[in-house]
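We just call them A, B, C and D in the order they show up, numbering each chain from 1.
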Amino acid sequence: MGSHSAAFAHSLQGWTAGLPILGATPLWIWAFLSALLVIFLLALPFGGIATYVERKVAADIQDRIGPNRVGPIGLLQFFADAVKMLAKEDFIPRGADKFLYNLAPVLVVVGACGAFAVLPLAKALVGADLNIGIFYLVAVTTLIAPGMLLGSWGSQNKWSLLGGLRGAAQIVSYEIPVALSILPVVLISGTLQIGSIVEQQGWVWQGEMMKNYHFWNMFHNPFTMFSVFILFVGGLAETNRIPFDLPEAESELVSGFNTEFSGMRFGLYALGEFCDVFVMSAMVTALYLGGWQVPFLNLENMWVTLPSGLIAIIHFSMFMAKTLFVVFIVMWLRWTLPRLRVDQLMGFCWKGLMPIAFFNVIGTALWMWIFHGKSMMQLVMGQ
Amino acid sequence: MNILDWATSLQAYLVVGTCLFLLGVFAVLSRRNTIGILLGIELILNAAGINFVAFSKFRAAAIDGQVFTLFVILIAAAEAAVALAVILRFYRLKETINADEANILRN
Amino acid sequence: MDVDFPREIHDAIGDGAIMENGMKLVLLLAQVMTLVSALVVVLHPNILYATIFLLFSFLGVAVMFVFAGADFLAGAQVIVYVGGVTILVLFAIMLTQWLYEAKLKTTLMKGLIPFIVVMGALGPILIKETLKLSDSVSATPPEKMGEFAALAKTQLIGQALLGNYLLPFEAITILLLGALVGAVWLARPE
Amino acid sequence: METGFITAFWYLAIAALVVPLMLGAGAILRPKRTGENKKLDAYECGEDAVGTAWVKFNIRFYVIAIIFIIFDVEITAIFPVATLYKDAVANGTAGLVFGEIFLFIGLLLVGLVYCWTRGDLEWVKGIAQTKPKRGIHG
């Protein structure tokens, strides 16, 4: 394979190799630092800033101004919110099961933040490019469902229990269409390694020369165009976003599974949820929208030689631009669509998405068989 | 032998597998709750999986053991689904999930 | 896929020992977690807690799989057991039982006979045989153990499923379909 | 492989530390206040909570979970086969892999159609029939 499975740590080590003190730092410390950087400088700040952006987007859509008091155009609002959450009283309801009540946020946060390990932020900035990358991502995010269920059970509140049960049933149901929408990408790429999947959505190499261009998986064939939507919709449902926010439907269940969680504990739930939105958007980006690939360019093989740090920055910006666009669509939908009813929710998953997802898998396999694995782009360009 | 080195040895894997199996057997024998019995069976199946994976690496250096573990995982899931459906049926019949109450065939 | 600096840099620094020991420590902790959680599964009077600790036991086993070179299986273990079986059991408990009424505690007398059977007869024999077996197998380790453990297993498992294990694989597919139909039939409300 | 997984373990460990860290930071910052007893009650829109919240619930969640777990394991098992498809297409041996995937998806579809036609996927239909003796619906 020739790839570093811990590309981020290797990159940090390479960039600091010439420096006097840092140069001798062993790899495992760099691995630790990469994890620290991604979680504390990407995941958690994203969770905070997303709340501000969500309110701004909502305000724009509803023709309001939105938060504008703290800092320029309200930019520091998320900081004020964080301080408020930290300063709030921390209490456990009287009837609650303390062990479950404390365990639940841990499972949710680990499920959401742990998945950042395999996100391909840039070619050189993958925390851990595991051979089973997608499987790791799916496996780690499954921790969220038991977390929600146990938290709602442990808080000894009927609203919470209803919300948690709905949430768990919804998450497990939509996991099937999501997995079936990952399958076409695996058929096309022949690997579960996310780094390699992203790599294949650009120029295809043959020996030393660039052979032909293989566009984003989304445009590989007509079926993957549907698949990406199913993955996106499934992601929406798994992260409990409108129109699938039944677990916390505020008009019927007070606040659903997190009713009894207040102050920082509620903040952690919200944080985990926003991180999960990021992870799902990043998954859509990496699998179908080309990840860090800059369309039609290969930064490492151009008429000028770019320094590796600059390439990493460009890749990272590209990845973030695509991911944040998907996140923006998620926020946009919130003010566009009404909430589904619980029977519609299940019917939509099992009778709507599932047959289409099956059809997409078979269709992609047939397309590859008939056209020898070529994408539409390659066929059009006559390669 | 250093305990850290021991942890990576075949012996450690087998000992953990055996202990898991014994605990599972104990749960199956002692639990009166049918769901508790199911949990014990899951432990036993996991113990089998550990042994397959360990021998796949330390004995054969071939993939076959892992394929069998995959089969074990698949069957375990099917078994859990059917077992819990049976428990639910039993519960509807008897309003309890106590295994001692499952005595219709006795008299 | 290499970033543009030589691989030798990190070899020259020589961080092997600490990293290796750290990983062995993770494995040891996973083994301890597996066994301690399993103990709670067996002994805890509250079945809900037993299920939660079963979840931790599954996670420990998944980490053990990773260190035995079974990366794909570790993922499958977490997806199927943690995401599937645990949720199903939790649903079953919440559906059938009034918790904290504690009607179904394992009584001392009920637990005594199994304890004697397991600790007195089965346990010593099995442990003894296990130690004997592991010694004899460890004496002649296979040649390519290290390389095998480092391989990516997903494709290998796929090849095995299409090769030697094609028929069992198909049989299991049919079995799963049967299990689906049977379980749904059993669980269906009258 | 191993450097990759050790990094992944770092991520998981740090993610697990986030929760105690945040709650700990809060414990240092916030003012200490105790004794407001009513606040500790379960929130039921201002009313006093009646009975325990640990009630039995509707069985439909359970049937869905059973269908889910079978589908989940089947899809898990198809992934290793699916990774071979690209190379099989390149080598001209796609038939076997395609047949395998088709068979799997086909059998899953049969299961789905069975559940569908027998009404196990209906949410509303079950309400009247599956009412538990005590408990809540939803």
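Throughout what follows, a contact is a pair of C-beta atoms (placed from the backbone, for glycine too) under 8 Å apart; a residue touches a chain by one contact, two chains touch by 3 or more.
Remember, it's a predicted structure, so these values are computed and weren't measured experimentally.
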Closest chain to the overall C-alpha centroid, by per-chain C-alpha centroid: which is it? D
Pair sharing more residue contacts (C-beta pairs) when C-D is set against B-C: B-C
What's the farthest chain from subunit C if centres are computed as the mean of the Cα atoms? A
For subunit A and subunit B, what's the span in angstrom between their mean Cα positions? 34
Using mean C-alpha positions as chain centres, tell me how far subunit C is from subunit D in Å, no decimals. 19
Using mean C-alpha positions as chain centres, tell me how far subunit B is from subunit C in Å, no decimals. 9
Could you grab the centroid distance between subunit A and subunit C? Build each centroid from C-alpha atoms only and quote it in angstrom. 27
Identify all positions of subunit D at which a residue touches two or more other chains, and write them in rising order. 1-3, 5-6, 54, 57, 59, 61-62, 65-70, 72-74, 76-77, 79, 82-84, 115
Residues touching two or more other chains, restricted to subunit A: which are they? 4, 27-28, 130-131, 135-136, 140, 153, 165, 168, 172, 175, 191-192
Can you tell me which residues of subunit C touch two or more of the remaining chains? 19, 22, 69, 71-72, 76, 79-80, 83-85, 87-88, 91-92, 94-97, 152-154, 157, 159, 161, 172, 176, 179-180, 183-184, 187, 190
If I apply the definition of touch given earlier, which pairs of chains qualify? A-C, A-D, B-C, B-D, C-D
Subunit C contact footprint on subunit B (complex, rising order): 3-5, 7-27, 29-33, 35-36, 38-40, 42-43, 46, 49-50, 53-64, 66-67, 69-71, 73-82, 84-89, 91-92, 96-98
The subunit D residues in contact with subunit A across the complex are 1-8, 10-16, 18-19, 22-23, 25-27, 29-31, 33, 39-45, 49, 52-55, 57, 61, 64-65, 67-68, 71-72, 75-76, 78-79, 82-87, 89-90, 94, 98, 101-102, 105, 108-109, 112, 115-116, 121-124, 136, 138
So in the complex, the part of subunit C that touches subunit B is made up of which residues? 21, 24-25, 27-28, 31, 34-35, 38-39, 41-42, 47, 50-51, 54, 57-58, 61, 64-65, 67-70, 72-73, 76-77, 80-81, 84-85, 88-89, 92-93, 95-97, 103-104, 106, 110-111, 113-115, 117-118, 122-123, 126-127, 130-131, 133-135, 137-138, 141-145, 147-149, 153, 156-157, 159-161, 164-165, 168, 172, 175-176, 179-180, 182-187, 190
Help me check something: in the complex, which residues belonging to subunit A touch subunit D? 4-6, 8-9, 27-28, 31-32, 34-36, 38-40, 44, 83, 85-95, 105-106, 109-110, 112-114, 116-118, 127-131, 135-136, 140, 153, 155-162, 165-166, 168-169, 172-173, 175-176, 179-180, 183, 186-192, 254, 259-260, 263-265, 267-268, 342-343, 346-347, 350-351, 354-355, 358, 361-362, 365-366, 368-369, 372-373
Subunit C partner, complex, touching residues on subunit D are 1-3, 5-6, 9, 54, 56-57, 59, 61-63, 65-70, 72-74, 76-77, 79-84, 96-97, 100, 103-104, 107, 110-111, 114-115, 118, 120, 126, 129-130
